[in-house]
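Have a look at this one before I ask anything.
Labels run A, B, C and D following the written order; every chain starts at residue 1.
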Amino acid sequence: MSSESITQQVPSMSRRSRWARVKKSMGEFSLSLYGWGGYFFLYLPIVILVIFSFNDSRSTAQWSGFTFDWYGEMIHDSQIILSLWNSLFVAVISTIISVVIGTLAAMAMERHVFRGKLLMDAVLYLPIIIPDIAMAIMLLIFFDISGIGFEPWKVSLFGIRLAVPYSVIISHVAFNISFVAIVVRARLAQMDRTLEEAAQDLYADTWQTFWKVTLPMMMPGIMGGALLAFTLSLDDFVITFFTSGAGFNTLPVRVFSMIKKGVTPKINAVSSLMLVFSLALIGISLLLRKGGDEEPTIGIGL
Amino acid sequence: MSDGLAVELRQVVKRFGEVTAVESVSLQIQHGEFFSLLGPSGCGKTTTLRLIAGFEMPTSGDIIINGEMQGHLPPYQRPVNTVFQHYALFPHMTVAQNVAFGLEMKKVSKDEITRRVGEALELVHLGKMGSRRPKQLSGGQQQRVALARALVNRPKVLLLDEPLGALDLKLRKAMQGELKALQEQVGITFIYVTHDQEEALTMSDRIAVMSAGHVFQVGFPEDIYENPNTRFVADFIGETNFLHGTVHRRGPLAEIAIAENVILPARWASDELPAGSSATLSIRPEKILIASGDEKPPSDGEFVSVPGQVAEVVYLGTDTRYVVRIVDGVQTVVRVQNLEMGNKRFKVGDAVMLHWRVEHGRILKE
Amino acid sequence: MKYKLTILFSALVVLGLVLTACGPKPEPAPAPAPEETEAPAATEAPVAEAVEPAKEIVFFNWSEYIDPEIYTLFEDETGIKVVEDNFSSNEEMLAKLQGGATGYALIVPSDYTVSIMKDEGMLAKLDHANIPNLGNLAEQFQNVPYDPGNEYCVPYQWGTTGIGYLDSEVDEPTSWAVFFDPDPTAPYYGRMTMLDDAREAFAAALVYLGYDINTTDEAQLEEAKELLIKAKAALAGYDSDIFEDLIASGENLMAHGWNGDFLVAQEENENVAYTIPQEGGVVWVDNVCIPISATPEQKAAGEMFIDFLLRPDIGAMLSDYNWYATPNAAAEANLDEEFLNDPAVYPPAEVLAKLQYIEPVGEAEAIYQRLWDEVKSAPTP
Amino acid sequence: MQRLFARYPALRAWLLLLPAATWLFIFFIAPLFIVLVYSFLERGTYGGVVWQFSLENFRRTFDSLYFSTFLRSFYIAAVTTFICLLLGFPLAYYISTRPPQRRSTLILALMIPFWTNFLIRTYAWLTLLRTNTGLINVSLMSLGIIDKPLPLFGNDFAIILGLVYGWLPDMVLPIYATLERLDTSLLEAASDLYASSSKVFRRVIWPLSLPGVVAGSMLVFIPSLGAFVTPAILGGGKSLMIGNIISNQFLAAHDWPFGSALSFVMMAVMLLATLIYFRSTTSEERMQP
């Protein structure tokens, strides 16, 4: 009886595992399909946007013919180029600051129990909840009455003259801290705390534990938060408009102010150029990584 | 190595807010000992281990490792290493990097690290796995990496927190033997936390049984099994029969009445109780002989004999399990090894006689 | 303890803030409190006798509203560099200046916004001695109702609000009835937009009803509101930004909008046309002004730039670039005949007579906005 | 130091929080009090405020017009969040199951579309969605699949599509950050034990990713609630969301105190909801021993 049951079981087992393999590869296939679909959705309007940067008319919505004119106009429009640099400058600086501050805050909020935590929770969510326009107006008034002002600092660094729009950077950091903190916190929440204990158990002091274990483990969260902050900062219009000093423009401020006269494909050209740049950066980093030795990649290595 | 103890806990208390996790625990662990903390989950055994490791600081009491007071020393300054329940391997490092971590922190020279990491991996039979990621290993292999990562530092004491809990039964059995052999090979003191009494009994030199933050009994495995001093220990370790009753007569050999006319002699497990107070007689099923009414107990020693009626018979392969009713509402389990073929001597309803040696019965406080 | 410190700290900051904000303002702030508005004339800047003009000024302007070549010419001539900042609506610019932004030498508000800023004491009086070209302005623009005598501002460009349409697809709309009494069988039904702007939309409805477009009579406004809600059924949507593109592309066939936008759209589609219905419409003027917060040096340089803009050649450059009518009579000599004769740019006198300015309505602003919110959130009938 | 930390565990927390707390208290909470103070004042006729105490603004926020707009916005934001979760979770899962090198590229590729300009992106959608001349309707009609244009534009569908598009990465990023450490061997182990894939999902993947799901939902829900440009452009401006009403108070109605009061009421409601949501979803475990 027992031998019978064995002979019966063998084919059924293998059939089952073959079916499981089929199911698994089907699952993998549909997952891939889903992934590609997701990226198709994200890039669909971007493709349209790039196509219209070659449009032979002022319209960004009606195709008239092919031209490179807008790229020429863009290169000669020193104001647009300057505002693009300003955007990148503000986004990079405010991302760096908010990533550091936001990550520390996330660690405090996720890892510690202390009095006043609820208050800090509220303080951290508020910048996300507040309507843009209310935040913009309140910061504008605040910079005025506090005497902090708007006039960008003129700094000369290695012979390059920089105008540091501190009022804009301060404001961007004020909303970005929260976004970084939330993403990093989500990552920390599911991180195994015994990993840090293990490090401490293996003679790593608090600092070493942080640098060798906690930070690498938080990295996907930090990178996610940084990307989010950078993107929000790069695309912010309302708060930047109201908190910038006279003579300082970012690209979104320029573009939004074009609304009344019509946004031209010049902006598509600027956007396409940025797209090409970022895609090129990815390509280069991929090539470099392939060339380099097999360093452990932690989450997102930029 | 008899100069002092490997680890000593003196009156250690740990509270988390209102909850007391460890209540006045004192332990003395010898050098080179395989010492187990055994108890059900939530009994405070893991907290005790974490107190020794330094992950938690005691609310009061002292922890002494290798003759040195630990006070509030952080984990990284204590001469102990831990093997965690879920291994806690660093996923962003290779196996070799994991094992080398502690040595790097101690600023050991590069050459020596390479050598010792190699040795440690050999020791756990993972010599060729150094460049893999923990995720690429099986559960048992990860377990060995965790062990190598701790042992490579040559700690005075190795703390193991249910290290085999996540493995399947077969692997666990194999690892038990390996772990014990390894401990004998390296000669390091092991403090081993487990809720599995069988695991504790097979591997340990000594066992501390814990419950609700207290240590109930510390002793050699056979001591704990044969001479449980509390009802909890008797119940937690192995199978046992509890016969409730009242103390009938005090004295070095007490008598307990479990029913009218059924008065059984037994030894005190701990302090004597006054006559008339309620108590429990504990007797292990395999210590009871089951016989027909006319059979006499062996003549070498003093036996307790009780008549009864078979209520249930279960054949278990190596042995047969009988449930015997002594009086209404009082039943005992008896296990008989199947030494011969077809050893089904009794059927349900048979009148039988139970015999056991007086010293095997122990009277416990209620 | 740390917690208490934080509370204390924040309380201190807050206290300090409230004190600064509430306390009596010892010096005239850049944007004076409304109580001081009775005497706007008192805010005149000290007469600039020998003020050295600033070397660099910021011009707060609508985007793409000036030929950048003009900056180069001006800098070549005077050595003063003009940096441009942009805004996308009068309200945005107004809010930013009210909130305390400074550093702007020149701004470009529309007519009703000039009235508001004048009343709020936000504009500096122009020193006509520094603007000799002021006489180049056409007669009617030397005496605009919101600023007679060009005390505070100089008209920059002007235009009208009417209806743009695709004349290959639909007949010329002669009445606002196309919006307010729409024919469900007409091709344009469901393919029209109205401006997403409370005052402009109400102006269209009020003109159709024969009322003053600046009325504060609540019954009239209520009537206009009902009309606007009724019109919703025939609308594809409300749009102030790309209505002209939507006509040019053939998506929509008719749109309530500003003339210059439609003229630009003619470049894409020559069938785009513009008309002002028989009931009339809105006329508007954008103006260059100097905010009160400008320093004397900035003001001096700003006046030089205003004067430069009023030169005949420069005035023509503006209109050539913008496709909007120029208030500069002297510049007309430098403009194309075709442009000057285009009724969409320069409406004939009888049409001009039926156009009204949108004026600030004071407390009734809130009523307009409230009714507009009701229109927008009303379900489509 | 170590002793100090051991004695006062909250000290370490506050040290970590110090930069964030300082920054936010000075540059956010302090300015926020301006809004609070303004909400109790009377409007200046053309913007700004008159220093006259008034509760009128708060009374007005409970007007049925504004209340129903709030409910509508809430509904749109909730649908947006739900769809983002539906689309974002598998996408995050897809990314997290790629080899490590591919993952970083994919995550970057997720964000790069958003380094173009918001307005331009929205106009690109317009090109696709327009009723009579949009690419989608035109192609479907020329292929003969439909004979009347689909209502893709100027309605809630278009608004929600625009919002989903704009905030999808905010959902994917936190979920990815939590899924990334998901052990593939864990999944294999689970499915080797003949657990059905739905069981693996319910028992293993979902609980692990929960913190990310919560964070992502917040990052999508809140900005969608306050959105005002997308409803204006893709929604055809034919309906209002609470973000439109608030920004109109500052930018069209010149009514700063009422705008402030509306902002405050909305923030209070949202904050309360957020805190409750977080408490209920993340307060388990924690009691380690």
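Some points to look at:
By our rule, a contact is a pair of C-beta atoms (placed from the backbone, for glycine too) under 8 Å apart; a residue touches a chain by one contact, two chains touch by 3 or more.
Remember, it's a predicted structure, so these values are computed and weren't measured experimentally.
Annotation: A-D is the more contact-rich of the chain pairs A-B and A-D, by number of C-beta pairs in contact. Greatest centre-to-centre distance from subunit B is found for C, with centres as Cα means. Look at where the CA atoms of subunit B average out and do the same for subunit D: the two points lie 53 Å apart. A straight line joining the Cα centres of subunit A and subunit D is 14 Å long.
The centroid of the Cα atoms in subunit A and the matching centroid in subunit C are 37 Å apart.
Residue positions of subunit C touching 2 or more other chains: 2-3, 6, 17, 21, 89, 92, 95, 241-242, 246, 249. Shared interface positions of subunit A, i.e. residues touching 2 or more other chains, are given as 60-62, 114-115, 137, 141-142, 145-146, 206, 217, 256, 259, 263. Taken residue by residue, subunit B touches two or more other chains at 74, 91, whereas all remaining positions touch fewer.
Against subunit C, the residues of subunit A that register as touching in their complex are 57-62, 64, 77, 79, 114-116, 119, 137, 140-146, 150-151, 241-242, 245-249, 253-254, 256-264. Within the complex, the subunit A residues that touch subunit B are 192, 194-195, 197-206, 208-209, 212-213, 216-217, 296, 298.
Subunit C makes touch with subunit D in their complex at residues 2-3, 6, 9-10, 13-14, 17-18, 21-22, 31, 33-34, 89, 91-92, 94-95, 98, 116, 119-120, 191, 193, 196-198, 232, 235-239, 241-242, 246, 249-252, 360, 362-363, 365-366, 368-370, 372-374, 376-377, 380. Contact residues on subunit C toward subunit A in their complex (touch as defined above): 2-3, 6-7, 17, 20-21, 30, 56, 58, 60, 62-65, 68, 83-89, 92, 95-96, 99-104, 240-242, 244-246, 248-249, 261, 264, 267-269. Contact residues on subunit D toward subunit C in their complex (touch as defined above): 10-11, 14, 21, 25-26, 29-30, 33-34, 37, 43-48, 50-51, 65, 68-69, 72, 123, 126, 130-134, 154, 232-233, 235-240, 244-245, 248-255.
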